[in-house]
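Naming follows writing order (A, B, C and D), and every chain is counted from residue 1.
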């Protein structure tokens, strides 16, 4: 009979991978890929670049705005974009989706952020579909089942499961426990929850036990790979225009 | 023209009330009251006792188990209980719901914890209804609308909004920001989110700015009253049988 | 065009906000209201922050502390960060007291059209529909007319809708209008602006409030 | 009745768990499996904790650090706390590799009945349905017969169901049974227990595995 487990020992699990290229190596043609970030904050730029370099094809990307997948448009990897901002929030920034959309190369589904977030969460939570009023009387409701609850007309929205999530954490350990930094948290936790395989780029890898257990935002169960990556150059962040950033 | 707001000043909002009696003074006959806690941990005993002393009538109580509302059964305040444990988890502990249920004095809805949690969250999130497979082929599905998504048979569950939530935090500030302690977190955050009026008893009231902004679990927007309360005597906690505890 | 500078529109809008209110300031002009909110107003942004301060100066900037419009913001004591799930619970579940939104068009019955511009192939819904349906009160702020001088306050929105019948109050460079069951009630005029001038630049017929007064700041 | 002591049932069940697996141990007997799990197994409890250690000793007890059965547990490095929303996302969304559950009855086709006892007016669903539908693999552990000596493994459950067709493996005081499409396959026998003895105390006809062997611990 085996002796009782020694307490004080942490699980012998190691989710750390050495490079961003290795981290994205399993992403396949046609995959549904969620990408964290809201604006530049929380955007996993190094993973996105590594994926763009792999030149996979026919991805469905799910992200806040083209900021998260402009590199992937450039690499010809995107077949469909599911995004609340089908242009940069600032309309004066050239929209990388416009041309491929008008040419029919990229299909675009534009939807309210909240519907997107709830659809991702539903996938994470084993909820195949839910009703909500947001989007009723708009293009968002077109072709969708409708139903009133009390006086509230609603649309039926379906879960949106991801094959992969690319996310950006601040610190992570080898169990996959993550914390974020200020508003760089944003969509990263929900992307992590919704994906079959979640890949996190972090500023710093720390020892198991260093994170305050009360303040871990994404527990390791939702994270499958952790990779340390350099922060992006600040002009990627501030310029807003990703093409320019590539030259740095 | 008014000068720009001085930075560094915290909002002039004060949600702190002096006593538990004052905190529960607005709870009315017939209200739907959610109560946090899972086992003894996270149970707002002092608020529950204060409410029992008010002898309000016809409450619908929403809680994990009779542990959270046995005082309210004793005070004759409960008309309906919505609870996943319609007895103590340990079946050897006498069940305070049994007699009133068999006599028809208290209506009981027993449901999976997850369905309860999702129904509360739906209320918080503006989702009137959702589909889920949990409960299908069981008494939980009786009388409920059914629908298949793919091969998955589901039931339609409705949002469960609360008039009041009684919750237990560890530390709180006058803006209503809360943290919890270990597994005493449990249902408290979701109850807070689902209620029109959330009343939190806390071990300690601290200054605004003392809590780590990255580790605030329930932001003040979900909390309306905060009251400092003594921790319950340990034998309330360990004995499991609330009647005994009253004698201390 | 005559009327208020953008800062004054924001200043007037800020007067609608009282201590203790939870408020979201939409992307664009409304974010500037953050510089004028009275102490005690608690600002929410959909990227996951509650209780932040004014827009950051060049020196205060941290690219991981921004609002939903990606503008750098500042910390206040009591600030909290959360993920977008909870941020949108706050918006969609009627937890916010007020949302202040920009717009391209707003109709006589409070329909809002603020996510796709004239002639745009795609658009940016962002969090606008979530706020429009979810906040307890919707205040729209904008220039009274669009860049071509055409009315933004119209009989029927011609641009794609954000939400139907949700707007409560319109604050423009010329006036303050409350949307009532009877129609658009003109409540305040910017200094030096006449009722006739406003009506001329507004499609629906305005109801003149019995308490019509000049805007105060 | 002959067969394994409860601790040995738990010990055998623990052998199903491998490093890196995320596992929930149901209320009752399964919680005791926590004392035998190999290093690297990550335990989840529905009250909002992941990565905890064995049941606490009298001296280690903290009433705010408990499992869903209200038993005091212990901290391990890497432990995290979360609220019940996220705890149930993990359970219902197929994030857990294994749930080990106790039961009153289990049927030939894997139906589970473990929330209401014979003759009970009410019952305790708790998180049992969430786990039964949500975990990738369901292992049931129990005494082979109930306290009256009647089989727990039955043709049809007579008690109210927890979920239909969800159980993968049954580990009892007498044997290990895998639920296959063809029926119940007897894979292992407790030391000193015969196939006939097990069949006698089991309602459905058992398929004897070609690799039938004695349980190892």
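In this section, a contact is a pair of C-beta atoms (placed from the backbone, for glycine too) under 8 Å apart; a residue touches a chain by one contact, two chains touch by 3 or more.
Bear in mind that the values here come from a model prediction, so they are computed numbers and not experimental data.
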Those chains which touch chain D and also touch chain A: B
Contacts common to chain A and chain C (chain labels): B
Pair exhibiting more inter-chain C-beta contacts, B-D or B-C: B-D
Rounded Å distance, chain A centre to chain B centre (Cα mean): 32
Separation of chain B from chain D, taking each centre as the mean of its C-alpha atoms, in whole Å: 29
Whole-Å gap between the CA centroids of chain B and chain C: 35
Rounded Å distance between chain C and chain D, as computed from the means of their C-alpha atoms: 55
Set of chain D residues in contact with two or more other chains: 81-82, 88, 92, 133-134
Sequence positions of chain A contacting 2 or more other chains: 118, 121, 125-127, 132-134, 180-182, 213-214, 217
Chain contact topology (line, ring, star, complete or other): other
Complete list of chain pairs which touch one another: A-B, A-C, A-D, B-C, B-D
In the complex with chain C, residue positions of chain A that touch it: 38-42, 65, 84-91, 95, 97-98, 101-102, 108, 110-115, 117-118, 121, 132-140, 180-190, 217, 234, 237-238, 240
Contacting residues of chain C [partner chain A, same complex]: 27, 45-49, 62-70, 81-85, 87-88, 91-92, 117, 120-130, 133-134, 160-164
Chain B residues touching chain A - in the complex, by the definition given at the top: 118, 122, 125-134, 149-150, 152, 154, 158, 179-182, 212-215, 217
Residues of chain B touching chain C in the complex: 1-2, 4-13, 121, 123-127, 173, 175, 177, 193, 208-209, 211, 213-214, 216, 219-222
Chain D residues within the chain A interface of the complex: 11, 19-20, 22, 35-42, 44, 50-51, 53-54, 74-82, 86, 88-90, 92-96, 133-134, 217
